[in-house]
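Same chain, two partners: chain A is paired with chain B first, then with chain C.
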Partner chain A sequence: MKVGVPNSFCYAGMENFFIRVIPEVLEDSQIVFSGKTTKEMVEYGLKNGCDELCIPAKIFIGHVEYLIRKKNVDVLFLPRLVSVLPGTYSCPKIIGIPDIIKTNYCGVELIVPEINLRKKRKIMSEKSMKNEQLFDFPMAKIAKTKNIIVLAHSYVIFDEFLNKGILETIKSAGYNPIYPAYYRFNSFYISSDLPKGFFWSSARDIYNYFEWAVNNTQIDGVVYLMTFGCGIDSVLQELIMRKCNKVGLPYLCITVDEHCADVGIQTRIEAYLDMIEWRSKDEKNYLSTHG
Partner chain B sequence: MRKITFPHMGNLFVIAKALFEELGFEVVVPPYNNKSALEIGKRLSPEFICLPFKLNMGNFIQAIEMGADTIVIFGGCGPCRFGYYGALEKEILKDLGYDVEMIVIEPLFYGLRNFLEQVSKIFARKNIASILKRVYRLAKKVDGIERKVHFLRPREMVKGSVDKIYERFRKEALKVYGIDQMERLVDTTNVLLDNLYIVNEKVRKIGIVGEIYTIIDSFSSLNIEKILGEMGCEVERNLYISQWIDTHLIYPIFRKKDTIVKRYSKGIMPVLIGGHARETISYAIYFAAQKYDGILHIFPLTCMPEIIAKSVLNGIKNQIGVPIMHVVVDEIDSDVGIKTRLEAFLDLIEARSEKVERGLLSWD
Partner chain C sequence: MREDFFLGIDIGSVSTNVVLIDKNGEVIESMYLRTQGKPIEVLQKALATLYEKYGDSLRIKGVGTTGSGRHLASLVVGADIVKNEITAHAKAAIFFVPDVRTIIEIGGQDSKIILIKDRIVIDFAMNTICAAGTGSFLDRQAERLNIPIEKFGETAIKSQNPVRIAGRCAVFAESDMIHKQQLGHRCEDILFGLCLALARNYLANLAKGKSLESPILFQGGVAANIAMKKAFEQLLGTQIIVPKYYNVMGAIGIALLAKERTKGLITKFRGFENINGCKFETKGFECHDCSNYCEVVGFYSNGSLVARWGDRCQKYSSNRNYHIENSKNL
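Coming up: the complex of A and B.
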């Protein structure tokens, strides 16, 4: 039996988890990953996704369609990630995405186990449900100086279509990009300066990383990669911007969407880095807060 | 003495005003949602946040200018963005330099102590139980008026007479004090509505589903209910304020669930994804089963749960078999565009119904 697993959106970085779990659930199965986002998938997604969905979700639909059309999978394996950190929820779109696939692609069989750490109710086997094993991303290495923190959901940072090569651009300008990778921090570490801890797992992760980096490392600037139509980003971005204003960090917010114009974004990043360079050289005393 | 204010949401102000006055506070009701409130909200809020947040900000600023010093709002524990409204609004108002206290009533998920602390700031009064009971009855009655207005609008003999009475009710509600007077006002309005002359015309029935704020609040939904009423359609919504109280505050105590949601969401959306996405889907199917002529789905731009609901409705539109129109509301302040769309929608329903009567229609 061919089991299709799209690896984008919330399932990005879960490859090792799936390889461990699927043989436990299904006998003699062959796992088919959709792989990296291609232009073809993006087109499928844009055509079949509902207009208001955020870009990662549209691309996800493209991945599913690609698996169905080109790989002829028998079953799709889409766990419902209700909560991946104790005490938090995932974004409503992540929770509801199996329902979209179920109702829009009627011919395909779906396997939708529920992962819900909020209620400490585990549907899948105990061993594979250890928190740190769910997602698997390479951690960023923190340099002594010249760090730029790039904040976004992991499915944006590690998707080359969505991040438009921002990490590479920053690297080639001589700076070291650092970024949050899902859930490396103790989930019960609640940020002190927030009026209320976030109830979204990814938002909590990003904000905690940001605050930790501001307090413990030497960072020169903050770049927020916002996806168009993302509900969490609209709140999170605002809070991070306000914090940067108070601390006096140069801040840049880039909204990425389906249009593939890498060059424009590269120019903006370069201008931003030039500004940081110039500021550290010429204006040691005065700190302007906006990039 | 605290001067309490709260955000607008349709006729919520009628109920909240009576409640806080009965508890002995001075109440500042912000001006009804209007263009300038939206303008203020647009300026102060994050760009991609949903419309209710922007209107809330406008309400708060206008109320503060009128002298309010305490804001009461509900919190939440996700996953819809509404749970973070209070916290973010607090932050924005603080950065703007307004000296107001925000009482955010969080659900019990964040601890009983936190809940009691916040609630005791408001409810440190005698016989709360009887006040809450009377407020609940008032909420039921106010929603009854709204239902009656929806019923009468397409049937009234003298066009515009229903809205005259309804507007008068909303205006008078700002002047009366306490639950008793409010209840008397509701009763007189009921009598006035009951005495209207009605004509029996062929009335189409439209079901409205969607995000709670935008369907309850007529300003944010661009007066869709009124426009539809004038076009000869009776409107039924899936959410009213008293119904919200039922499903969120009273049913959990008795471990009860909305029977329609339970019945119709089976197999389509088994778990809660936040907001009212499940209600939207199940009521859309329910309205279709009740032989409504059309369904309107209203939600603010970037509303996370409703986008999922829209996608799912797209997938099951064959099963529903009744035309659905999706209306995404954002910072628009003209209703001309929506009028045109509604006219087209009603034309479609008209054309379709003839075919249904002659048995010509195949939905595929």
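Coming up: the complex of A and C.
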């Protein structure tokens, strides 16, 4: 049996988890991943997604369509990620994505186990859930100087199509991009200065990483990659912008959407890096806003 | 007299600007031309005019290109520096007004705000997909009311009682305008109302959350419109400076940057005769080697390939010979 797994959106970085779990629940299964996002998938996604979805979710639909059309999978494995970090919930679009797929593709069989750390009883066996390690992303290497934090959901950071190669652009300008990776950060638990915790797990991850990096590393700037239509981003972006203004860090927010040509993003990021360069060259004139 | 000169080229969506500065940064020549969708031809023409006027006495020591057509222009002329328009505009503004704090720049299709402190850019913003607050929109509305764009400012400034127009979106602003027109409002009141709406839209979209400190510079093509200046002054409650070379500030900035960059170096400028004698062409095709369907663009000078870009995998841009043998795609 061919089991299709779209490894984008909320399932990005879960490849190792799927390889571990699927043979356990389905016998004689052959796992087919959709792979990297291509323009073909984006076009499928934009055609089939409804208006309210964010761009990553639309592209996810494109991954599903690709698996069905081109890979002839028998069944799709789409766990419902209700809660993947203790005390939080996933974004509602992530929780509902199996239902969106169900209504879009009636003829396809879906397997939708629930992953919910808020519930005591777990559907998956204890063995496969050990360490609760669902996601596996490479952590960013932090350099001594010239770090730039790129903040975004992991499915944007690790999707070159969505982020339009922004990490490469930063690297080729001689800076070191550092970024949060989902759920890799729990070991260094830090207390945030916000009066109230986040409801959504991804927001907590991104904000905690940001705060940790500001306090513990040498950073030159902060870039927020906002995805069009994302509710979490719209709140988080504002919080991070305010904090950057407070501590005097150069801040840039870029919105990625379906018809954004690379040129606009390139111009902004170039100008932003010029600004940082200009600041550091003119050190004696630059009054630190740290006080 | 053979002096050292520096050339700045700014190719925007609406205008192509070329300036010539001397080694002190003094502007010797400035040209503001309409791009009209043919950036290479317009640039070649501008350079030919310069060459006709000065001949061999022009010794170009450095060239810089900026604007959305900067990469194309740099291939045509052989630029020493290729920089984005934000840096170029800031550079020129600081050169003319050293203590400038805020730059309002409105061009043909985009608008920017640049905040400066102690001669350093500290923050900037650029409009995103919406072009409601830019020159093209003003141009179109002026055309609809049958007023030449050059007369827009002087007509609008006569207004005593501007009408209220919603400037949030270009499409809705237009229907709002038509409505006001059908109610019989005077033309100048509608025009100034439009200026106020655009200024409000600009401040709401770009300046949100930023504090605009004086001195404020207003540059870009739209700064020619005195009614826009008045609208900004009214909304901000402060004086706004429109610099002398407001419409070619980007080109001046990049010329200044080229001057800095080429200090002690030999310019890559290809020479006027070489540029004007060449036939430049771009040809594109959609590559179907993988499912990304990249649009690959090639740039040719006198029929030979100079550069190629647009491919994600970089097999065309890194290897010029790739696919030449089976060039059925090209």
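By definition in this document, the second predicted complex is superposed on the first by the 270 of 291 C-alpha atoms of A that agree within 3 Å, B and C clash if a C-alpha of one lies under 4 Å from a C-alpha of the other, contacts with A are read in each partner's own complex, and residues count from 1 in each chain.
Simple rule for what comes next: a contact is a pair of C-beta atoms (placed from the backbone, for glycine too) under 8 Å apart; a residue touches a chain by one contact, two chains touch by 3 or more.
If you're wondering where the values come from, they're calculated on a predicted model, not measured in any experiment.
Overlaying the two complexes via chain A leaves chain B and chain C side by side, clear of any clash. Looking at the shared chain after the overlay, A:C91 reaches chain B, while chain C stays out of its contact range. Counted by residues of chain A touched, the larger count belongs to B, out of chain B and chain C. After the chain A superposition, the centres of chain B and chain C are separated by 90° when viewed from the C-alpha centre of chain A, nearest 10.
Residue contacts after overlaying the shared chain place A:R279 against chain C, while chain B stays out of touching range.
In the superposition on chain A, A:K58 makes contact with neither chain B nor chain C. Of the two partner chains, neither chain B nor chain C is touched by A:H153. Closest C-alpha contact of chain B with chain C, superposed model: 7 Å. Looking at the complex, you find that chain A touches chain B at residues 49-50, 52-53, 80, 82, 88-93, 95-97, 99-100, 102-104, 106, 114, 194-196, 198-200, 226, 229-235, 237-239, 242.
Considering their complex, residues 68, 83-87, 117-124, 126, 128-129, 209, 290-294 of chain C touch chain A. The touching residues of chain A, when paired with chain C in their complex, are 38-41, 241, 250-251, 255, 257, 259-260, 263-264, 267-268, 270-272, 274-275, 278-279, 282, 285-287. By the touch rule above, chain B contacts chain A in their complex via residues 46-50, 75, 77-81, 83-84, 86-88, 90-92, 95, 104, 106, 110, 268-269, 271, 273-275, 277, 301-305, 307-308, 310-312, 314-316, 328.
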